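Each structure below appears as structure tokens.
Shared between the two complexes below is chain A, which pairs with chain B and chain C, respectively.
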Partner chain A sequence: MIRNKVYPFYFVGGALLLYVLFFVLPSVMGLYYAFTDWNSYSPEVNFIGLDNFALIFSSSQGYLRYISNTILFTFATIVTKTVIALGLAVLLTRGVRRLAHVHRMLIYLPAVLPMLAVSLIFKSILNPATGLLNESLRNVGLGFMAQKWLVDINWAMPSVIGVDTWKGIGYIMVILIAGIEAIPREYYEAAEIDGASGWQAFWRITIPLLMPVLAVVTVLNLLYGLKVFDVVFVLTKGGPGHATDTVYTIIFDEFSKGRYGVATALSSLLFVAMIGLGYFVIRFMHRDTEA
Partner chain B sequence: MAMETLDSHVTTQEQANRTGAFGARLMRTVRGLFNNTLAVIASLIMVIPVYLVFVNALKTRIEASSMGVEFPTELQWQNFYTVIEKGKLLSAFGNSVLYAVTATLIGVTLSAMAAYVLARNRTRFNRAMYLLLIMGIAVPTNFVTLTKVMQLTQLINTQFGMIVLYSASVIPLNVFLFYAFIQTIPRELDEAAILDGCSPLRLFFSVIYPLLTPVLVTASVLNLLGIWNEFLLPLYYLNKTAHWPMTLAIYNFFGQFQSDWSLVSADIVLTILPVIVVYLLAQRFILSGLTTGAVKG
Partner chain C sequence: MKISNVSLVALVLVALLLIACGGGAAPTQAPAQPTTAPVATNAPAPTNAPAPTNAPAPTTAKSNVTITYMASQDWITDAEQELGKKFEEQTGIHVDYQIIPSDQYFNVLQTKLNAGEATDIFGGQSGVTDLKLQYNVEKNAVDLSAEPWAKQEDPLVAAQATVNGKLYGLTYWDTLGNVWAVNYNKDIFNKYNLSVPKTYADFKAICQTLLKNNIQPLFEPVSDGWHHVLWFPELGPRYEQVTPGLADQLNDNKAKFADNPTMLDDLTQLKELYDLGCFGKNALSDAYADRTKMMSDGKIAMTVMSTGFPQEVEKDYPNVKADTWGFFVMPLADNQLLNVNPAGPTKFIYSGSKHIDEAKQYLNFLMQPENMQYYIDNSPRANTLPFTGAKNKFTPELQAFFDAYKDKRGTVYQTAVNYVNPQWIDIGKDIVGMFSGTLTPKQVLETIDQRRADMAKAAKDPAWAQ
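Presenting the complex of A and B:
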């Protein structure tokens, strides 16, 4: 009784109102509009049942490809970011003493920059004729490795994944470093006394004790990957062909063409998929506030 | 048992001393050198692209056409002047500051108040509200139907609408950060203040709010950077050039001037310079915010 007076609910009201109005309500509305022919050409909105979903899941349209592109991007970036960031985290906590914090600061730097700016910079670096990457490869005699990165249909997706990895590693590395630093030093000292090599210590101590943090990092990368937009939009606009189009870029595309029904159906699919994932995220991230 | 391990430890140590002291030291030096080189290479890979825009922003158009690493022969400071004028960057900069600062203030204050009540008064209902709010960290936005909401509330294509949207967008993460932190503040403080006759608002703003400072700073810095860097919301909801933030302005500038990398670089520099300054000043807070929840569970 008293509690409701000391902690009145109107404190929650402002945040709840904004959040529900601009994020929950559109998602719920989306579940209805996904079954309509809502578009920019006519003011009428008709219920058309599962037509939008039939379109999305028909193999003659490109949508399945955009969905698989998104999954491929997500899976690839989870692997590349986690593996490289883990390597750097171990290097900067156990391999390098001198200037470790400077390295940490520099490697994290790209993570705070706007993705838009990063993508523009890499548009230049990956330019096939004049870009720094191909130039450097040619200068060190590795000209045969030069590619038409963003233009070649086979290289476009790996290039986008590469740029996204470059920007994302720092963030993951910082979290992993915090995780490694939380492992008691005595474990490593004991292992050393018992004659374990650094490699053994890594597999037997670091990896098992880091599992919860690795799980969190994977979930963060997963949530990011499924919603990827900026890097694709700026680097390739989904091209060449539709080689790099993802769910979010295609939603924007459909939206620009005024095909709101299809765009909403796609959005709702992602929504339902991620509600499930969101449940796990909350369970992970929420552990420490439970006690 | 204990003696045995101790003994074997001593013998291995002695053997190492006798047979391979020099070898071991050499090995350690080589490994240290290798590790340090690796770290330097990693840092360079992360910094060179950023360095690239800074040098090329000061070159002539011809010099910058290949976006090379060389220094400019003559510093072209007027590039900045040109982009500010041609790219209408003054208004874009002003808009970005307006959006980031006001939305952060609103987002942080509303989230702190909400998290405080939800963390203190743990009814079933409040717990459900908390979960609903932090669900927003994971769940994607439906931009298409959000357009409809923006139209109905007459907020589309307005600066006020942008501020409201941004404020709403930072709420889930903020509530999550505050909720965890508020649990570390003793409840006795609330009781003492209430006994002294404080109203709930006064209790929150004069007793609790100051104690939240570390997490307030962390959330504010993360919000400021997040909103400054955001691209998708203005892309969907702003069509008037005069309302564009930096990200949208530079994207359109690139569309017009993509053959002139010196100007594009100057434009990028103006966008990322404030971010880098904030990063260098507030590193500690950014990192602590990122690792909350991810580690220690």
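Presenting the complex of A and C:
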């Protein structure tokens, strides 16, 4: 009752209107088009039921491979970014004291660069014949480690994941540092008095108290990973073959071919997956902290 | 109070949804609008009032208009850009060339056309299927049939830019005097006592000899996504020779790529060449832009390039003379026929452009005899242009090559067969998949069939109606 008096319901009206107009309606309309044969070749738009989804999930069309590539990319980047960023965050809050801010800034720096620029630079670095990486490896006698990073079917996806991780860890690290610094130092002092080792303090204090932040970081990485496009498009264009094609590169491809119905079905599928998985991750990690 | 608040919010939501549903009909009709009330109908108007087109490049009233022209990276030559500067000097109209990397061009163009935001002039590959399916020229391009240059164009070439009797594009490209052929370094061939191959077995033997002598047999820039595809549809004349009437059967949906043994041979042999290392260690990352550099130092013996390539190399590396190179047709599947493609990069004027007249002026300017000649003389890859009055600059070697295949030629399949050219980049990805071992040659052909069926059904092609 008190809350009602302080905040009359119509205060939310403007925001609600904009939200419905620009978010709810396009989503609903998008969902509708996913059930049609809307394309650029024909002026007619016919309701075709679940045909677009049947096409996406049929094994002959290759869409399942793009979905599995997207899941692989998402899972791998969540793990690599979170683990490395967590290690760096702990190192730069509890370990390295000297010039810690400079180190943080240097690690964060790639996050402010446009992905397009980063990808173009790495495309040059990873060129198998003339790239900096292979040249360096050859010059220090490690030529056997030189790979066809972006054009070998086995190395293309790990290379894309590597570039994305390099760019993304700084951002995740900054969020985790904020989380770690919010943990009261008294807990660590008490643990030290009780004879806990650094490793035990990390697992028993840092990780549990960081769980809400880790949940946020995971959801951010999850949503980013599922809708990845730019890094793949610039580095490999989905190749070699279709080895690194993801859902969004295919949505772009389908849209540019004028197959709007299939493209909308794919994006609707992704929309539902993002909401579902995001909700699941938050609930799962929240329950973990409560336990 | 609480209930009324909730009901009010619910009411707003329901109202908005109703608006959305009511409005929903409009977007579903939206794609129909351009065809029922075509934007293109605005376009012919200037052709009905062709004053500016009949007075090309007026020198009197200069306008300060900028027209935009978007094309794939290799379609806008230095010579054309120079002509663009001259055009600006004469008319005051600035041409802003927007050059897009070739592997992304069709996606970017399609997206812009579909979003209604194309440039004043846009480049596209001619070919009747492409005109209808890729560019929907009846909606997106201006009818240029009444332009003064329209009758100058070679009928075979003009037919590829014509839909329902209307000419929509200017194919300012050497389509007839320039074919894709294997350009080979005669010095290397002489050194190892090699001769022009007549069969695939000969060709493979040449590659193996070169490999033994540490010479890379072929330069194949796969990274661009399109070049390595040439090995497949450009051999259309051979497929037609082995199976007469195949193109018609494919267009009538009475034959499939996957059932054709000659096509299967072609892809299987292409894969074999890749596996043997004939394309070099870095084919998948080699770039078309490096072609003259890669071929100039005598470490690679052959490459599939246009017949204007020798002049290109000489221009970039004057010590490598054009007569270093000889030509032969791509010998996969034992092909010995010349591949001719009357379709090529073509300029279309966007029907939604605000500067249709200025764009027409630009095309008229390019078609003036002295400008055509300037283009031919200064474009290494152009040996001529497909217009009456254009002179050619064939070298004796090239003249001999064309003479040798005078009666042994045919049309390439990306032009002769529907729904092939629009999937060019996709075929490129499939072939890379084949190189990498994730697809078999047969699966590549099946995928092509599948995409053809998808496109044909979307286009409501009667041959695919059953």
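Please note the rule applied: the second predicted complex is superposed on the first by the 252 of 291 C-alpha atoms of A that agree within 3 Å, B and C clash if a C-alpha of one lies under 4 Å from a C-alpha of the other, contacts with A are read in each partner's own complex, and residues count from 1 in each chain.
FYI, contacts are C-beta pairs under 8 Å (C-beta built on N, C-alpha and C of every residue); 3 or more make two chains touch, one makes a residue touch a chain.
Predicted model, so just to flag it, every value in this text is computed and none were measured.
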item: If touched residues of chain A are counted for chain B and for chain C, the larger one; value: B
item: Partner chain(s) touched by A:L16 [first = chain B, second = chain C, both, neither]; value: both
item: First (chain B), second (chain C), both or neither touched by A:R98; value: first
item: Which of chain B and chain C A:P43 touches, first, second, both or neither; value: second
item: Partner chain in contact with A:W199 - chain B first, chain C second, else both or neither; value: neither
item: Partner chain(s) touched by A:L25 [first = chain B, second = chain C, both, neither]; value: both
item: First, second, both or neither for A:K257, with chain B first and chain C second; value: second
item: Touched partner set for A:V213, first chain B, second chain C, both or neither; value: first
item: Touching partner for A:M115 - first (chain B), second (chain C), both, neither; value: first
item: Contacts on chain A seen with chain B and repeated with chain C across the two complexes; value: 4, 9, 16, 21, 24-25, 29, 127, 252, 255
item: Touch list for chain A against partner chain B, complex; value: 3-9, 11-12, 14-16, 18-19, 21-27, 29-30, 33, 88, 91-92, 95-96, 98-100, 102-103, 105-110, 112-118, 120-122, 124-125, 127, 130-132, 135, 166, 169-171, 174-175, 178-179, 182, 193-195, 212-213, 216-217, 220, 223, 226-227, 229-230, 234, 248, 251-252, 255, 260, 263-264, 267-268, 270-271, 274-275, 277-278, 281-282, 284-289
item: Footprint of chain C on chain A - complex, ascending; value: 4, 9, 13, 16-17, 20-21, 24-25, 28-29, 32, 36-45, 60-61, 127-129, 148, 150-153, 237-243, 252-253, 255-259
item: Sites on chain B touched by chain A in the complex; value: 5, 9, 12, 31-32, 35-36, 38-40, 42-43, 45-50, 52-53, 65-69, 110-111, 113-114, 116-118, 120-121, 126, 129, 131-149, 153, 164-165, 167-169, 171-172, 175-176, 179-180, 183, 190, 194, 200, 203-204, 225, 228-229, 231-232, 235-236, 247, 250-251, 254, 261, 264, 268, 271-272, 275-276, 278-279, 283, 286-287, 290-291, 293-297
item: Touching residues (chain side chain C, partner chain A) in the complex; value: 1-2, 5, 8-9, 12-13, 16-17, 20, 24, 27-29, 31-36, 103-104, 106-108, 110-111, 114, 133, 136, 222-223, 225, 281-282, 284-286, 422, 429-430, 432-439, 450, 454-455, 458-460
